[in-house]
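Structure incoming, see below.
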Amino acid sequence: MVFTLIEVKKKKLTNPILIEGLPGIGNVGKIAADFMIDSLNAQKIIEIHSYNFPHAVLIDEDNLVQLPVIEIYYKHVGKHDLIFLIGDIQPIDEESSYEFCEVLLKFLKSVKCKEIITLGGIGLHQIPNSPKVFVTGNDKKAISSFNGKNISKETYNVVGPIVGVTGLLIGLSIRWGIPGVALLGETYGHPQYLGIKGAREIIMILNKRYGMNLQLKELNSEISNIEKEISSKLKQLGPVKSPKKWSPSETSYIG
Amino acid sequence: MVFTLIEVKKKKLTNPILIEGLPGIGNVGKIAADFMIDSLNAQKIIEIHSYNFPHAVLIDEDNLVQLPVIEIYYKHVGKHDLIFLIGDIQPIDEESSYEFCEVLLKFLKSVKCKEIITLGGIGLHQIPNSPKVFVTGNDKKAISSFNGKNISKETYNVVGPIVGVTGLLIGLSIRWGIPGVALLGETYGHPQYLGIKGAREIIMILNKRYGMNLQLKELNSEISNIEKEISSKLKQLGPVKSPKKWSPSETSYIG
Amino acid sequence: MVFTLIEVKKKKLTNPILIEGLPGIGNVGKIAADFMIDSLNAQKIIEIHSYNFPHAVLIDEDNLVQLPVIEIYYKHVGKHDLIFLIGDIQPIDEESSYEFCEVLLKFLKSVKCKEIITLGGIGLHQIPNSPKVFVTGNDKKAISSFNGKNISKETYNVVGPIVGVTGLLIGLSIRWGIPGVALLGETYGHPQYLGIKGAREIIMILNKRYGMNLQLKELNSEISNIEKEISSKLKQLGPVKSPKKWSPSETSYIG
Amino acid sequence: MVFTLIEVKKKKLTNPILIEGLPGIGNVGKIAADFMIDSLNAQKIIEIHSYNFPHAVLIDEDNLVQLPVIEIYYKHVGKHDLIFLIGDIQPIDEESSYEFCEVLLKFLKSVKCKEIITLGGIGLHQIPNSPKVFVTGNDKKAISSFNGKNISKETYNVVGPIVGVTGLLIGLSIRWGIPGVALLGETYGHPQYLGIKGAREIIMILNKRYGMNLQLKELNSEISNIEKEISSKLKQLGPVKSPKKWSPSETSYIG
């Protein structure tokens, strides 16, 4: 099991903050991260390749085939070096998901990463009008620094297992001494629904937190483009293998 | 494939008896073991970590994420050093289930474990009014020491394959010279049904056997709390991967 | 991936013939092999253990748990040293199925095995009144030595892929210089149907071929016992993982 | 994970062009490649064996069992050394698909392979009257050399992920300095539909490109034979594991 990090652009990072947005429920995290990268004009600095990604190629805007890849983008924003982890896929199974996170954490430790923010969705049984963002993580102080009217930090018995890199990364990062937080936006749990609204809530939280100065007016039209792009790529991939669906806790049960 | 045992509290064990209660059919074993640990105020002495556990994190009572973990708790009761093996998960596949049991058995041998009791459920097609407990194992003498009105030791052609750690542990332990017994409580085989009643029967058997002096009056209300907790954790995990369902033998067949 | 052969009884074999009867479609091969072992009072000489067998235990006639095991039995019959390969399971996946066969073939080569006969079923869409036995293999001469009114050697375009050890063993044995033949008895393809009739046809062919002198009058009552035993064991295992169903070729298709 | 290339006939290749036609959607690529090999009377030069192929044997025209194998055939046509990669199967999972492609690419590099053409199908929701062939690849120049009335090179947002060897081979070959193109013929997405028409379009494109001088009048009757042969082999294999279905992009989505 090998994950190869290729530095496509040399960049000296200073205590960076990682924002993760790989595919998952409603692609909430992916939509949010892709939008921020586009809007901030972040630069690709690293590509991660592996045989433990899906055995398929996707077609890019140039009508050329591309192997599955996970990428890291960089942008200095205000006082922060932000790096974004994005891609069209997750590692293919349980063990490769753990291995991927460890390889990544080794890298993050080497660049003195200050904090990890993973982004994801929570699939509801209906479309939420005003999606909440649930905040959990591995560090009480880090969690408590997130506040706002749509934010909920009461996640026990409400938020189910956080599957794939979004969960594992912050489950493992505490061992590397890196605090980690997950922002989980509510969305509709239908496999083909794109969690734009949940992503928007997450973007607004991070925009404010890091002073990204995102043009929120453009957000709707930008998001509509990203929506189209992701829709064409991800819906064709069929159900993504690793990040299984999870649903919020229900207190009823048979018995 | 690596399973790491971390000693979180030093404890000199004297010929301990292991009681296993990992997730399975109706979570009968898990409910019983979790109740005994709570009631006895047993102490956590060991954590087991692995990349061969599910690639997800769960949220604990402090609203913090936790990696999947299997734990060993300790309590001296009457004449016995009891240790309990519990957790929210099982190893992810066949081979890792074997490996896990061997790692555990090596540890148990090193502490001169005297006996292994694994707990599980048997899924019926309807809710049992008065669930029986089936007793099987790898040692006739050990099996014969279990007696009572709801106990059945006629398991051949009645009890199907015992899947996962509950079965493998006693299948393998005989090679390590450790007698092993499985207590299997009847329950309803519906995937979301919690086998409280079957667990209660098992608890009463072990309470008497080891002189645990459990306050049986509290059992109902305690169980109701555990019920809630397990319900919120495990139902969200979806169908547990390793321990597949099995059903009691039927003598009819087509042909 | 390790398969351990344990010699439970020393036996000098002279150019033995292997007859394989592991679980599969309708358990035709298993029923036939189990019957011959019982009737001939063959002796167990070898046990094969592995972590690449299912992670479960079964309950035996003594109400004790047993790990999955594949066994080799021996009986000298007329001019032949017959050895039988039987068990309740197959290796769990593709790669372990290949590995198992290679380990076995190495052993068979070491004892100068003269011929391999694998037994299996062909699942029809209805119960056959008078099941045929299809004969194929890796050696024309070996195949041509099987003759009789219910035997068909026209298998191309009629018999589908032969999955699991029954197929692989004779696919691989030619490389070891051991001729191999598969006898495939027609049966009903329903997952819970036991292919007694197809097994009976195979038994009669081998009875005559090797002069087993089986009491065919007892066959019906004996088979009824085996039927009961296998039914109780195998139906509880649920769908056996490795040997997938196959169906005879159909010439119609959409298009 | 081992893939063994066995040279069954010595042949000095001069800058060969590889044409791949393994099983996949509608078996479009397989049908096209098998037809060209038959019509050109190409010679088998290499066999590839592996434990990472399905664990089953197929029955050949001589009524003998054969292990799954992937083969390379050779024919000098006009100015080109053409080699064809064909077989009844694909490697069993994601990682073995990558490994297979790398082993093959190492070989192709060693013989100074000039170009790779992979063949596949695109499953529509209905039978296409006049199937188009979509052309994509890893090299703009190579793609632009394909022209014709049924050819479309606008694949972005239209063609989904290309799964298995057909996709990976050209995804990976660019790293080895070998340009690669995929020709994907439209077909009906039903699992048992054979994509003869889509294959015919691909054959006509390659016939013209390489001056194969195929007797197109014979094509219909020849194809009917191949149709029968593939139908009998592949339909019995059940759903091929590796190359999952993909569907052309749809612009509609929920949300």
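Going by the order they are written in, the chains are A, B, C and D; count residues from 1 in each one.
Just so it is clear, a residue touches a chain if its C-beta (ideal position, glycine included) is under 8 Å from a C-beta of that chain, and two chains touch if they have at least 3 such contacts.
All values reported here derive from a predicted model rather than from experimental measurement.
Novice: Count of steps on the shortest touching-chain route from subunit A to subunit C?
Specialist: Minimum number of steps from subunit A to subunit C: 2.
Novice: Call it same or different for subunit A and subunit B: same when shared residue numbers make up over half of all numbers used at their interface.
Specialist: Shared-number fraction below one half, so different.
Novice: Let me spell it out: compute each chain's centre from its C-alpha atoms, then which one is farthest from subunit A's centre?
Specialist: C
Novice: Can you give the whole-Å distance between the Cα centres of subunit B and subunit D?
Specialist: 51
Novice: Please work out the Cα centroid separation of subunit B and subunit C, and write it as a whole number of Å.
Specialist: Roughly 36 Å, centre to centre.
Novice: Which subunit D residues sit where two or more other chains touch them?
Specialist: Touching at least two other chains: none.
Novice: Going by the contact rule at the top, pick out the subunit C residues touching subunit D in the complex.
Specialist: 93-95, 97-99, 136-140, 143, 153-157, 159-164, 167-168, 170-172, 180, 182, 242, 244-251, 253-255
Novice: Would you mind writing out the residues of subunit B in touch with subunit A in their complex?
Specialist: Of all residues in subunit B, those touching subunit A are 51-67, 92, 127, 188, 190, 192-194, 196, 228, 231-232, 235-238.
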